[in-house]
Amino acid sequence: MKTSAPSLLKATFAIVQKDLAAEFRSRELLSAMLVFSMLVILIFNFALELNIDARKSVTAGVLWTTFAFAGTLGLNRSMAVEKDRGCMDGLLLAPVDRSAIFFGKAISNLAFMLIVEAIVIPLYAMLYNETRIFQPEFLGVLLLGSIGYIAVGTLLSAMSVQTRTRDVLLPILLFPVAVPVLLASVKASGGIIANATFAEILTPLNLLIVYDVIFIAVSFMIFEFVVEE
Amino acid sequence: MQSKPIALTILDIVSVIVLGVSTYLALFFAPTEAVMGNVQRVFYFHVGTAWVGMVGFVLAAVSGIIYLITKDMKWDRIEVAAVEVSTMFFFLTIVLGSIWARPAWNTWWTWDPRLTTAAVTELIYVAYFMLRAGIEDPEKRARFGAVYTLLGGLSAPITFMVIRLFRTIHPVVIGGASAEAQGGFDMTADMRTTFFFALFAFTVLFVDFMWHRLRVGKLEEKVEQLKLKVSM
Amino acid sequence: MIEVKKLVKRFGLKTTLRGLDFHVEPGEFVALLGPNGAGKTTFLRILASLSRPSMGNVKVAGFSLPQESAKVRARLGVVSHMPLLYPDLTAEENLQFYARMYGIADSAARITDVLNMVGLESRRRDLVRTFSRGMQQRLAIGRAVLHDPEVVLFDEPYTGLDQDASEMLDEVLRSVAAKGRTVVMTSHDLARAEDLATRFDILSRGVITASAKREDFKSTNLLDFYKKSLES
């Protein structure tokens, strides 16, 4: 029998495919994230009296809060699946680079987040008659923000599942570190909804890109320290 | 039993003296600021604590990186000490800032970049302690702690830059003539003396606290060692 | 096949392995016996490249750990008391995933072989979550030998299995060892270990205290040997 250690790309892809196949069968993670998102939006509806005037200024904030909370649910679950039955050891035992594990998990987590966003955004638009969120710029910011959030979230969830307090720790670790990505996303996407000029949203957009680049690079470099004993 | 080093005792005494002198300078020597009056005197300690809080924050992130490279537990002790001391000083900064803000801006708290960054940093510290509390294995605790201080150290400056996009009312006292923001003021020579002495005093205090905390860390380790010996 | 010299593993201040020496010839089936907390699992995790040695030399299949861990991993199969399987995938999909992670060229034929060996061919399209503990453990063994490793490590494979499941596992273990593979197994089930292994090593307080080959047992049995070596 012929075996040869798979390339980084192949190993990453194998992990992503495995995660998606398992999730499309059980749909545990996605349904939890979706139901939770809809509940958060429902609560915001009453808490903020989302009338036409209020919507203009808070739509971006409401959506980002929703995605941030739903995101921690998904991140936690996705890493707990690896930890609970020792599967993380199984991944570590394979002759693949550790960054393949990081990128594989991060890409699956990002896919889950984007799927939830793709369902929640049209629903939000329908419920509140808010069609301005369908601009390509708005969706681009959503993508950039999700990438940064998931990159650092994947790293931190790999840490939090290894602790005693794993059920509660992830949001506490993640939110203060992810403040920049959440604020910059809210600022940029809020500007787009309010018809701001491109120059006005350029600064938050740049900071968002800076955050993404720094945190993808750092998370992938130090992931090894988080999973290896 | 390790007795307390004489140099540390001397440093304790020096710390008390410089802090006393600094208090005197801030309360009596420095002239009263024309617009804000006496409450401005809190500024000297406010900036002093903020300065050492920052020093501790940077020191923690750097020790974290060195720990990840060398795996020497000494750097973990330095990191924990820096975070603990820095948490305390940042807390004082926020409290002193609020005292100053009440008469100056007519509010206890504003969501200004510096204040918010300080608050977020405190939250990162709290998360750091919770993370460490949830791990039994000391080696893993050190590794995760180092990773988290590193992430915090990278995130805090970006937080500051992002929040600055939302308008600020915090005065820019140091660095340039742009002290036009509400609450800014020009420092006289006496104020400057007081200001720099406060920075010096808090730096001495910071070193003293760090030394004490490192010593406690070492003693803790020794106790653990002795416990293991007894249980064998 | 496995060469361990003066292996030390520390967790913080606690030393779990204290200068352990261990040597396994190709084709040997070594049962690693010892009381709880002796360091069996720690030792196996180091051999599996999942944990780094604090000191000492470890060579598996001719490659040093941790420097050449990627090469060791390609030649190593591990079964722990956890199944290392995804419950929401079928038996076949689990093996397909690991086949890709090990870069196995002709995976379809190999997966069928392995499923036949562990007696799960008829359940290949069933979700692992519907499997009993014994079936999961057999599939876990199939996963571990999928890439035809030279060395196989078993960490307490009988944990949580009833009599029937244990007997089926015996058969699978024999067929794994029959191919001339080198096997190291930790267990505190002396009766099962006695049937399977060709050599018995006692691990106590972080070192190997005694070692005996199967043919050395004439009048005494394993239980006496085990008791005697722990007393000394």
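Residue numbering begins at 1 within each chain, and the chains themselves are lettered A, B and C in the order written.
To be clear about the criterion, contacts are C-beta pairs under 8 Å (C-beta built on N, C-alpha and C of every residue); 3 or more make two chains touch, one makes a residue touch a chain.
Fair warning: this is a prediction, and the values are worked out from it, not measured in the lab.
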| item | value |
| --- | --- |
| Farthest chain (mean CA position) relative to subunit C | B |
| Chain closest to the middle, measuring from C-alpha centroids that were averaged per chain | A |
| Distance from subunit C to subunit B - Cα centre to Cα centre, in angstrom | 51 |
| For subunit A paired with subunit C, centre-to-centre distance based on mean C-alpha positions, whole Å | 37 |
| Rounded Å distance, subunit A centre to subunit B centre (Cα mean) | 32 |
| Shared-contact residues (touching 2 or more other chains) in subunit A | 229 |
| Of all residues in subunit B, the ones touching two or more other chains | 139 |
| Residues on subunit A engaged by subunit B in the complex (per definition of touch) | 152, 155-156, 159-160, 162-166, 169, 172-173, 175-180, 183-184, 187, 203-204, 207, 210-211, 214-215, 218, 222, 225-226, 229 |
| Complex contact set, residues of subunit C against subunit A | 45, 48-52, 70-71, 73-74, 76, 78, 80, 82-89, 93, 97-98, 100-106, 110, 127, 143, 147-148 |
| Touching residues on subunit C, where the partner in the complex is subunit B | 10-14 |
| In the complex, subunit B residues that touch subunit A | 68, 120, 123-124, 126-127, 130-131, 133-136, 139-140, 143-144, 146-148, 150-152, 154-155, 158-159, 161-163, 165-166 |
| Subunit C-facing residues of subunit A, complex | 1-6, 10-11, 14-15, 17-18, 21-23, 25-26, 81, 85-87, 89-97, 228-229 |
